[in-house]
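Each of the two complexes below includes subunit A, the first together with subunit B, the second together with subunit C.
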Partner chain A sequence: MRGRRWEALLWLGPSLALIGGVVFYPAVALVGASLGRYSITGVYQGSVGADNYARLLQQPALPVVLVNTAVWVAVVVGITVVISLGLAQLLNEDFPGRALVRWALIVPWAASLIMTSKLFVWIYDYYFGALNALLTSLRVLPQPVDWLGEDATVMGAMIAVGVFVSLPFTTYVLLAGLASIPGDVYEAARVDGASRWATYRRLTLPLLKPALLVAVVLNAIYVFNSFPIVWTLNDRNPGFAHDTMVTYMYKIAFKSALRDVGLAAALGVVNVALILLAVLAYLRTVRWDDGDAAVSGRA
Partner chain B sequence: MSRCIDDLECGSSRRWPGLDTGWLRLLAALVAVAALAVACDRGAGGGPAITVVIADYSKDHTRPFWQALAERYTKQGGPKVDLRIIDWNSIDQQVSTMIQNNQPPDVLNLNSFSSYARDGLLYPADDVLSPTTRDDFLEAFARGGQYQGKLYGLPILSSARAFFYNRDLFARAGLETPPKTWNDFVQAAKKIQALGGGVIGYALPLGPEEAQAEWAIWMWNGGGDWKTGDAWTINSEANVRTLGFLADLANRHRVTQVNPGKTNRTDGAFQLFKDGKVGMVIGFSPLAKQLDAEGKVKYGVAEMPTTLDKPVTLGVEDYLMAFKKKDNREAVKKFLDLYYQPDNITKWITAEGFLPVTKSGLERMRANSALKPYLDALPNARLAPTTDPAWDRVKLDVQQNIGLAVQPGGNSKQVLDQLQQNAVAAK
Partner chain C sequence: MRRTALTAAGGLLASAVLAPYVVMLLTALKPDAELRTTPPRLLPVAWRPGNFLAVLADPGFADWLRVSLVVAAASTAIVVLAAAPAAYYTARHRFVGRTAFLFVVLVTQMFSPTALVVGLYREAFDLDLVNTYAALILTNAAFNLAFAIWILRAFFASIPREIEEAAAVDGCGRAGTLVRVVLPLSLPGLVTAVIFAFIAAWNEYIIALTLMTAPERKPLTVGITSYVTAYVQHWNHLFAASVLAIVPVVVLFAVIERHLVGGLTAGSVK
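Here is the complex of A and B:
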């Protein structure tokens, strides 16, 4: 059987090499970097143990950035899922031009995030932006708003873009979920005389649970790690008042007086741990297994 | 089963469907290509290829010039050049990564050098430049490239800031000449702002992109400085006064664009000036080039309004550095000498719209009358303290924080005190 084993290894080889090179090696390198001290030029100056982690906790901006990150992830994912539920329901209906609408929905997904973000920078612009022109001419606003400059509106402006680019993926996941619900379940509900709302709440939503879980978990990870939107829309603002963990990490490494690769790597490790914990906590509270049970039980 | 490994008949088609002769041939071809690539890397003229990292000054000129220079260098018997043009936004990150991975470039172009000199990564100029090239540098720029008395940062090009004003808006506001004093400046800004219709008196960019440059020009003309002797004096009384003056422009006189502490230079202040919305802005020769190309705004260039007897402007010097690596000294020296041939360096600096760093370049560029205001300003231009490695951190700190002082409720003294404290602690 020895040949058999070699054969398997040969077939798995490319995937293993890929996982090793793309996942395993960078993770090890990140942890390694987080234990070292680096000069501003990038020269390694020796090991400092857990010192970088201790210094990370002392950074005065950390609490603000943590809160920003929690708000950014929770609100973007929350709004995206709610809107996507509606969109998916709509696209699941048969109407003329449905194919076209389904295609159009992919556009924000297909466009580069940097390009989309730059586009929104101009849409939000105080002097030249389309949004201010629209809202002031409709008399919704008495005067223009500096959407990306005012502390009160920056996060909201970024969240809107975050939702915009997350909608396509989420909608398609939910659409796939809807498509997998067999029609006879609805027939049975109709025979039993269930109202539309009751059907949706008691049948559709529970049967969508696996798709919803996938949508929420994957989106939370994407949004947490999303760099281009926050970086591009927030690049004019001084300090760290509107940064998330990911842009904060980049600023620590290259754009702030700290310029500290070791400290940034420590934050990178913390980021991975945070997102893992958040996902595990989420899966625990919604009971992943229950979802499956509900589906098989009812269907 | 194991018998099949030796038995080609049974191995190739049934048990090892992937490992047929086609697959092997592909593998062999790949190995050959890899070997060829390694061979090419050795360079035609001898010695391993040298890596040259250049910042992207403009899409139109940077790559064509350096590409052609690299080809000439190789043709003249030098090794092959691995040329990397990197945009300003990511060059710090990419160079840092190269050094972390123990693969520093051979020649690097950047706006700072002293941290690299301090870390012992660079050749001093004497090792990699011929004496004639060295002696050709303008005195101020040669001084600006020294670390502990030795030249490491070789000036590659320079620029000088100047005061731009919109002639049409000045005429409409009844202003005849650009302001000379800060008092005149405030009055002029008020008159222009009073024209209404979204017209802005002065565009003040103190957002993170280039806040240290805007601040330095006002700071110097207010009588302050980054350092006095060897000591940082960022929070001197003069500087607190000057930052308060800028905050007043925004919040008391209201003659700036909205949120000046959160406005960047390129897509903020310059954009507004190019659109004819702004009376005054601090610009430099590339802005003039863009304005001329667009032909939309009639502008004048003048000296900075000042509180001193003689106005001061900011000179900016960018550098070339030669990294110490095994057996690369001769190759690097040859490359640098080629760039510093007067024809080559002047050709590039002219194409990019910047200013010379050599005496011979200065002579050649005097012929261009459009450059006169900047060339005149150049001898009196002051440079940032780039010779101090701490500056690399101070600059980023100023970029990230000084804007906070001109926002409503900002506290100039507090912001400067914090910057001073960090500067003293910076290593």
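Here is the complex of A and C:
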């Protein structure tokens, strides 16, 4: 039996080394950094205990950043799931050209997020952007709007892009959920003379619940972690008025005049804890187990 | 009638999804002077396909492209080399620590490097790995490992044991069986794992932004943003470079579309 254990280490060794060196080590380094003080060039200057956490709570920007993060995650995930329910229903039907539509939907998923974000900076541009040109020529807007410069519109503009890039993954998860519903369920409903909407509400939605839960929790984690959209679209605005916890942390650590590694690390630890909570919630919702049946690559 | 309505709705959806990328392509084809016209025109007056050649001839672009290719290819190779034995062993054997191992793998899949970026930077700083290929390659490999393990494990588990036993009788060791029998039979899974790992590394941004500060060490995602700064606004070159970077990955992504959801949701959608 002891031989078997060494054998397992041999086969799992490369994976364990990677995870240990690139996930665990930085996680420990993060906690360590949150308890220390660093010079502006990043040199360790000794321990400060929980001082960074106390300072984090005193940051004037923190309440705004927390609210932004909650709005960003909740609204992007909410709108994405509602739209994706419709898209999945459409793509689950058989019609000429469906394969082409499915390929089109892949584009925002496969494209680099930073490139899509830059594209939307251009589309939202006050003078030269396509959005203002379109909306003013259709007389939806009397005059152009500075989408990424006005406090009132920045978050909405970022959320629209967040939804746009989250739709493909969510739609595909819900499509897989729809595909797993056996057809004879619908036969029975048709015999009973149920209307389409009643069938959808009483049959499809409840049967889709597991896929919906997966889509919501995984999207919440992805959107919370999402960096390029907020980083790029909010680039012009000074201060932290439109930042989320992730971009706020990054600015504290690397960009603003603060360059405060300890403070950023303290916020990083909070972020990691929040994600861990979400991961545990996810594992509860999918009732994860390590049996072979639970792992299927064939969607 | 119903099919026509569905096709119309599908066409509308495809147009809405692709419209921003059409703006990207058309902007990439405009001369500098046409970037700043009010009101903006959708189509170029003078078409400039030469913008693509200009980007390809730019030594900066060549550097970023080389870094992206090296990092994506090397991290993909590491992913496969590390994931294949782990996926095979967990698919075929029950052992102490198996559940714990798979749990840790699942957690890493959901942990994007974003949350750990300050810790990753501390590690690279302490080990003197800032601006090295090794740091970027290993980070990408570690965070793309989980998907490859899930996908490969599912394919390995579906191969009948009898085939492997026959190979063992023919004198293949277990490593030999994996390389000569199991992997070839799992080719679709292997292709999916390779394409996914390559694209994820190709598109990675935040770690490259943080660790690669030397201009000639930046990958495409970070490098091309220098086409548009506070001082220069070459939107046409930015988007020509973006189109060149996006088109191949969209094609590759379409190839593995069928297997993506299963790998990303770790089998929870059945």
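One rule holds for everything that comes next: the second predicted complex is superposed on the first by the 274 of 299 C-alpha atoms of A that agree within 3 Å, B and C clash if a C-alpha of one lies under 4 Å from a C-alpha of the other, contacts with A are read in each partner's own complex, and residues count from 1 in each chain.
Following the convention adopted for this analysis, contacts are C-beta pairs under 8 Å (C-beta built on N, C-alpha and C of every residue); 3 or more make two chains touch, one makes a residue touch a chain.
If you're wondering where the values come from, they're calculated on a predicted model, not measured in any experiment.
Colleague: Would subunit B and subunit C fit next to each other on subunit A once aligned, or clash?
Modeller: The answer is clash.
Colleague: By the touch definition at the top of the document, which applies to A:A70: first (subunit B), second (subunit C), both, or neither?
Modeller: In the superposed model, A:A70 contacts neither subunit B nor subunit C.
Colleague: Answer with first, second, both or neither: which of subunit B and subunit C does A:A61 touch in the superposed model?
Modeller: Neither partner.
Colleague: Look at the residues of subunit A and decide whether subunit B or subunit C touches more of them.
Modeller: C
Colleague: Between subunit B (first) and subunit C (second), which does A:G268 come into contact with in this model arrangement: first, second, both, or neither?
Modeller: second
Colleague: Classify the contacts of A:Y127 with the two partner chains as first (subunit B alone), second (subunit C alone), both, or neither.
Modeller: both
Colleague: First (subunit B), second (subunit C), both or neither: which does A:E150 touch?
Modeller: It touches subunit B, and subunit C stays clear.
Colleague: Could you look at A:L35 and tell me whether it touches subunit B, subunit C, both or neither (first, second, both, neither)?
Modeller: Neither subunit B nor subunit C is touched by A:L35.
Colleague: For A:A257, decide between first (touching subunit B), second (touching subunit C), both and neither.
Modeller: After superposing on A, A:A257 lies in contact with subunit B but is clear of subunit C.
Colleague: Tell me the contact category for A:L90 with respect to subunit B and subunit C: first, second, both or neither.
Modeller: The answer is second: A:L90 touches subunit C but not subunit B.
Colleague: Given the touch rule stated above, what does A:W11 touch, subunit B (first), subunit C (second), both, or neither?
Modeller: Both: A:W11 reaches subunit B and subunit C.
Colleague: Considering only the listed stretches 23-31, 41-49 or 95-103 of subunit B, which one runs into subunit C in the superposition?
Modeller: The one stretch of subunit B in steric conflict with subunit C is 95-103.
Colleague: Per the definitions at the top, what is the overlap between the subunit A residues touching subunit B and those touching subunit C?
Modeller: In the superposed arrangement, which is not itself an observed complex, subunit A uses residues 4, 10-11, 33, 42, 127-128, 253-254, 261 for both subunit B and subunit C.
Colleague: Inside the complex, what are the residues of subunit A that reach subunit C?
Modeller: My answer: residues 4-5, 8, 10-12, 14-19, 21-23, 25-33, 42, 87, 90-91, 93, 95-98, 100-116, 118-120, 122-123, 127-130, 133, 136-137, 164, 167, 169, 172-173, 175-177, 180, 210-211, 214, 218, 221-222, 225-228, 246, 249-250, 253-254, 261, 264-265, 268, 271-272, 275-276, 278-279, 282-283, 286, 288, 290, 292, 294-299.
Colleague: Can you tell me which positions in subunit C touch subunit A when the two form their complex?
Modeller: Checking each residue of subunit C against subunit A gives 3, 6-7, 9-11, 13-14, 17-18, 20-21, 23-24, 27, 35-40, 42, 78, 81-83, 85-86, 88-91, 93, 95-99, 101-108, 110-112, 114-123, 125-126, 138-139, 141-143, 145, 149-151, 153-155, 157-158, 189, 192, 199, 202-203, 205-206, 210, 220-222, 224-225, 228, 235, 238-239, 242, 245-246, 249-250, 252-254, 257-270.
Colleague: Can you list the residues on subunit A that touch subunit B in the complex?
Modeller: Within the complex, subunit A contacts subunit B at residues 1-4, 7, 10-11, 33, 38-44, 121, 126-128, 146, 148-150, 235-239, 251, 253-259, 261.
Colleague: Name, in rising order, each residue of subunit B that touches subunit A in their complex.
Modeller: Of all residues in subunit B, those touching subunit A are 1-2, 4-5, 15-16, 18-19, 92-93, 95-100, 115-116, 119, 121, 198, 206-209, 211, 257-259, 261-264, 267-268, 271-272, 275, 277, 389, 392-394, 396-397, 399-404, 422, 426.
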